[in-house]
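After this come two complexes, each holding chain A, first together with chain B and then together with chain C.
And now, the complex of A and B:
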């Protein structure tokens, strides 16, 4: 690591906070990761672009990802940054760099890396300003998403949502400024995020009804569409979402109701779910069965999964900061945002 | 506030107080009156042991209704205003379903039998719940009513008894909507009453009716359950992982029986808020030594991958093959169907109804919405974020009690007449009509 000591300390701090789940939620995680990587890029002294890529990918990126493998957004941001570096170097070498070659990208990078430390010096501030732009974009992700609210919600609609997603919350509140509709919120045991969501929506003047998780199927026939957030979107268009989302999406499919997922593109992960449970976590079963309830707990297996996998065929539409996309289009977005070399950090 | 309005309010309060007083007097009188005929059979006939024992319970139950009458001014009034507020925050699409007010023993008409008053309270507070338990409890209470009944001069038992029973039934329905099974049982009882010979003496007729009720409980519930368990045992094999939802008395019997038969299987119990009925089942199965996994509905997708069979109980079966059961059942059945796991329903035929239903809206029941606020999964209540919901104009809570599982999710139904596809419900109703009646 070429960076100064305090940078090292910052990396260490983020790694620890990730590990201890002090930074949770895709958005917080990605902002923190992006800011840290901006510092890493600016502090790293590099002549060859491989050096920079190695630092970002292997020295810092890998440590962050390993610290909390379930926070897929960390890996996404690392990939985005790597892609950004590669792209900047490529255009830089093409327009202002020493090489005239347009053969393959590796040769271009090599060309740049080979001869001119001057080129690297000139590329570095460009990369940093791009990174800053990315952070700004991250901070304003939901602005682009909620701008589309009017296109998706008509008047007198009944919308179901599950869990608490800031994007969905803003989305619905924006729509409520002009349209009148009602929202059914599944309470989302065991976190009761649905309660929080309902409280927030009702305070914004939206007609909100909290239902128990068990009543999702019963009321689904009256729902017009399901709008929900997600923790991460996988390469096949599947979701890693709040536990309970799977039954909401399945019930919606069985009633032929569209499932709309509001998500920033930073949640789009290049990883593929070869096994449904590979991205799931079983967490403390205390909310399911309290430890204070006596001896019974010794003889029972308790399940409390933290996430749910929602397969892509259950999702009708993704509303992202770049517009609405069907799950079948996500592979294009992945190609645009990530470099195939970086998918396994 | 202007003085005119104030006096109007005061007048209203005065009028209300007067009304309440009159009601209380009436109730006290009613309770007094009820005690007199209740004692009569004990001194008069006392022929069979059952008559003696029931009259004893009825006389002990009488003071209970009196105390309820005196305390009602504070407690029930408070409850009344609360339910009024809750009713004003009804969810639109369920506004046709009244939120149960709960039994009000103080305001009960005088002809209501003490056993029914007690039962009404137990129903409304969910002390007795589950279709079978409620049906048995109601029939046993009706036995007491019949035993304490005396045909008035100038009429016959078969003509007058139904009119005596109907206010009792109405009272129970007001306490909590009647279950389909109970409806069938009551229809059966009325039919039995109508077939009683006019020449028969009161005592004989009452004895006969009580016997008939006992027979109904035995044939339609107790023995039927045993037969269902026998059939169900054929479907449980070594190594099975059985998933069940909430708690059904038949499924519980079946799992316990399978365990005593030495079949090695695991059980996954899926539960849901706010009723937490699965916890009772869990307790029972774990104490019997069955390997149990317990999870809530949010984990159903996760839990479903190991499951080999799903056993569910029923509240009622509609004639179109749809299952009407505890809310959440449809979701479990759907998730099982998604993974091609067989869904087996255990249901006695007395729960079959010739009604048809397509959604969970038309016929359903709403529980107390305040149950949603309490986020505790233990006995100790723990108010969550929504405890102030009554003050939030745009916030409503919905506590639905039942849902409808479409027939496409159900693999088979185990009844006491055999294992049938759920689409055969109308066939059973037709073939066994004389028995179910």
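And now, the complex of A and C:
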């Protein structure tokens, strides 16, 4: 058990690291968030479940989400933890056993009346062990995804990918152990993440070709399927993915090639995009246009979006740690994982 | 953007904490009169105090202890730090404020640091107004493993900085001198002036001690770096770390303030942008067109009419044509703080609006920096100016470019402020460092200038720059005017040049010649000739005269070239024309070596020849002097034959008859030299 002061320092440190982008990558962010929330739950003394929910949601969760609103994984994890707490309390209370998500409102109302410290004392360790389970699941995300590699990649296929995604990288490498196929990597200007991806794949012995972004459409007709990673999956099935992904997905649509997205469920966000700019991140325009151009930079507006929004119609399949799902099924996953009360943190 | 770092072979201990020294005082007065009320490091840039940017940079780099040096307004800074998130018990950075009221320069601050014995490991030295997204960790790593735009001369292999020279806009520098040693030691040398010095130094423990030893060091760049580089005795080295594709700049003056604000708004400094909400409680959101809005901003109607003007609405089979919706419009690069209310028909472009500002109807704002709690009433027009906290503009006020309204000033109604007006609530006379030449002493405010309800005094820049880099007044003008350099006829472009232009300052200076510079040069020449005449009269030794001249040169911050321009005509003036040959022989025998003392290289020799030529080309009378002088100087070994030949072979300006006649006069002599040369090389064979 850590003292509240240590805990505050830990929260502050994560908030700062998130804000300064010192923790990057959705996976690292979600693991860190989950660990911190486990600490928060175990350190908080509570008699009524609303106290605990308030602490997790408003005191800690909100600060973490505000620290880096573009890192949707933070909000996802906070939501999942909240859902988990609600669920556990629900099954634990005397309405328990029967209530599994169907009669949310009524059981909650009853529960709030049950403010016995004894109940809290008994529920707390259960919640913590549940949280631990969630962390374990997060840690095993990759394993669960790459186990499905064999079902999706077949011999002599040509696969296109864009950007650098750890999930996709491991996915392809696993498949390459048994099957022989070739990969086309779009270089992904201006970050050139495609170069790194290609290097890593070719080191693993996969037949890899780097193509320039402008060649994506031209070679699409030869490609069997597009496999890509994503930064986040929105509630409607749309993706927030590295810039260039939208072009790849559109080209694939034109040629009727399947677009397969490998993602852990922790990237699934209960939020809807209200326009293409929401959740996007505009980074320094330096790589697009050098600051040394001097005169010109005062006269033009330079935008360098880091992400693309890929609409759900362009995606054929999500391969998650719980198996493959079409975009139309995501609403179900969201209902299973998040509580509607927590969508707005 | 190379932060030079100093190592002495001693590396950081892995477990020792990383320390940083932040100079919260700029040791100059370029932000007056605003800095009368607030220290520079707390001035808001895009609604965030400058020091936050610096501390953030240090926090990212993993600095654990920060020593903050303050001089003026130390209490304000202390209070600010105390209230900020940095002083919470669990803050990763510990900030210790040190007040040094007597420090007048960076050097003083560092000596103080040494005296207090606070630093026990290598540290980062940075001033409190740096905005940057440099990954200092990488630089630090480089420093551990190893151990301006000004012109930097770098060894390409080791990144050792071997020479560094600062370039001011005025006086122009056309040449620089470097020690030949440099080329002997370093096979591969790069000379660059495309670098921007972001004033971040990583110093080894010995640095403060060195400052104590060399008590005359004032400035890090001009004195310290130069001192280290030129002195063999110290045996220290300075390394530069070149960083590409990152942003770093220092808010030195109003001009850079403007440029950096623009850069922050157009996200060059990412991730240090408004919507990453550096300060706690900030809630900026980014919108298309580089518009940043905090929560609780009330814009009239919230419609960006500029786009939707002439909107056609189709209702119930009828077309409604809406001619114009009266509302406010936000252009590009606008930042608006929380609690601000903007009335209808307001136009804002390229501006930063602080918190709790009220802007009345029909106001137009372009390129302005409006700080917190400002009230602007209807029909005002503000162009490229700064309005500090609590300024009130009454109806119908026009603020033209470059104005600076300090805290609590009230203007209007119905007033037009001329460009570059600076207004403050403080009376000039209360300042001891400036002569109280202000006319309205103890009088009420000048109502013709600032309107009936106006409150405030004109602030005129009698700049007494304590920065010790002897500034040309012109430089100050450029720095201060901030918003429009074109007004001083330097460039044609109307847009304010961005910070990157610092590096191309030579270019800028080519198109304009300043009268002030000429005046100061004239003054300098006068002093040179007076010094020389004293020397002639008293019959000083050449060494003493040369020492005096050199001191004079340093005092007025001129070059050897200027010195030669002053000295040569004066010496030639001593020659008695009537009795040309003997007199020339006599005078030059004695004073020729003095010219020699001012010459250090072949280039200098050629320069001398040109000066000589120019002087002698003034009249027919002077022309006679040329041949004997040249011969004598050659005999005295002041000028060597290579230089003379090179000069002779250089092209003359067209139809310059007097100069070509001079050339003709020395033709036999040159010919003789050429032959001697040939013979020389023949005999070598």
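Note that the second predicted complex is superposed on the first by the 319 of 345 C-alpha atoms of A that agree within 3 Å, B and C clash if a C-alpha of one lies under 4 Å from a C-alpha of the other, contacts with A are read in each partner's own complex, and residues count from 1 in each chain.
Basically, a residue touches a chain if its C-beta (ideal position, glycine included) is under 8 Å from a C-beta of that chain, and two chains touch if they have at least 3 such contacts.
Please read all numbers here as calculations on a predicted model, not as lab measurements.
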Clash-or-fit label for the pair chain B, chain C on chain A: fit
Touching partner for A:9 - first (chain B), second (chain C), both, neither: second
First (chain B), second (chain C), both or neither touched by A:198: first
Vertex chain A angle, Cα centres of chain C and chain B, expressed to the nearest 10 degrees: 60
Touched partner set for A:246, first chain B, second chain C, both or neither: first
Touching partner for A:21 - first (chain B), second (chain C), both, neither: second
Touching partner for A:221 - first (chain B), second (chain C), both, neither: first
Residue contacts with chain A in the superposition, chain B compared against chain C: B
Contacts of A:302 with chain B and chain C, given as first, second, both or neither: both
Touching partner for A:178 - first (chain B), second (chain C), both, neither: neither
Which superposed partner A:332 touches (first chain B, second chain C, both, neither): neither
Partner chain(s) touched by A:287 [first = chain B, second = chain C, both, neither]: both
Three-chain overlay, closest Cα atoms of chain B and chain C, distance in Å: 10
Contacts on chain A seen with chain B and repeated with chain C across the two complexes: 277, 287, 292, 299, 301-302, 304
Residues of chain A touching chain B in the complex: 182, 184, 187-190, 192, 195-196, 198-199, 201-203, 205-219, 221-222, 243-244, 246-247, 250-251, 254, 276-277, 280, 287-290, 292-293, 296, 299-305, 308-309
Chain A-touching residues of chain C, taken from the complex the two chains share: 56, 59-60, 88-92, 133, 194, 245-247, 262, 266-271, 276-277, 283, 286-290, 332, 493, 495-498, 500-501, 504
Contacting residues of chain B [partner chain A, same complex]: 91-93, 272-274, 282-283, 286, 291-303, 305, 326-328, 330-331, 334-335, 338, 359-361, 364, 372, 375, 377-378, 384-386, 389, 392-400, 402-404
Residue ranges of chain A in contact with chain C within the complex: 5, 8-9, 12-13, 16, 19-22, 66, 277, 282-287, 291-292, 294-295, 297-299, 301-302, 304
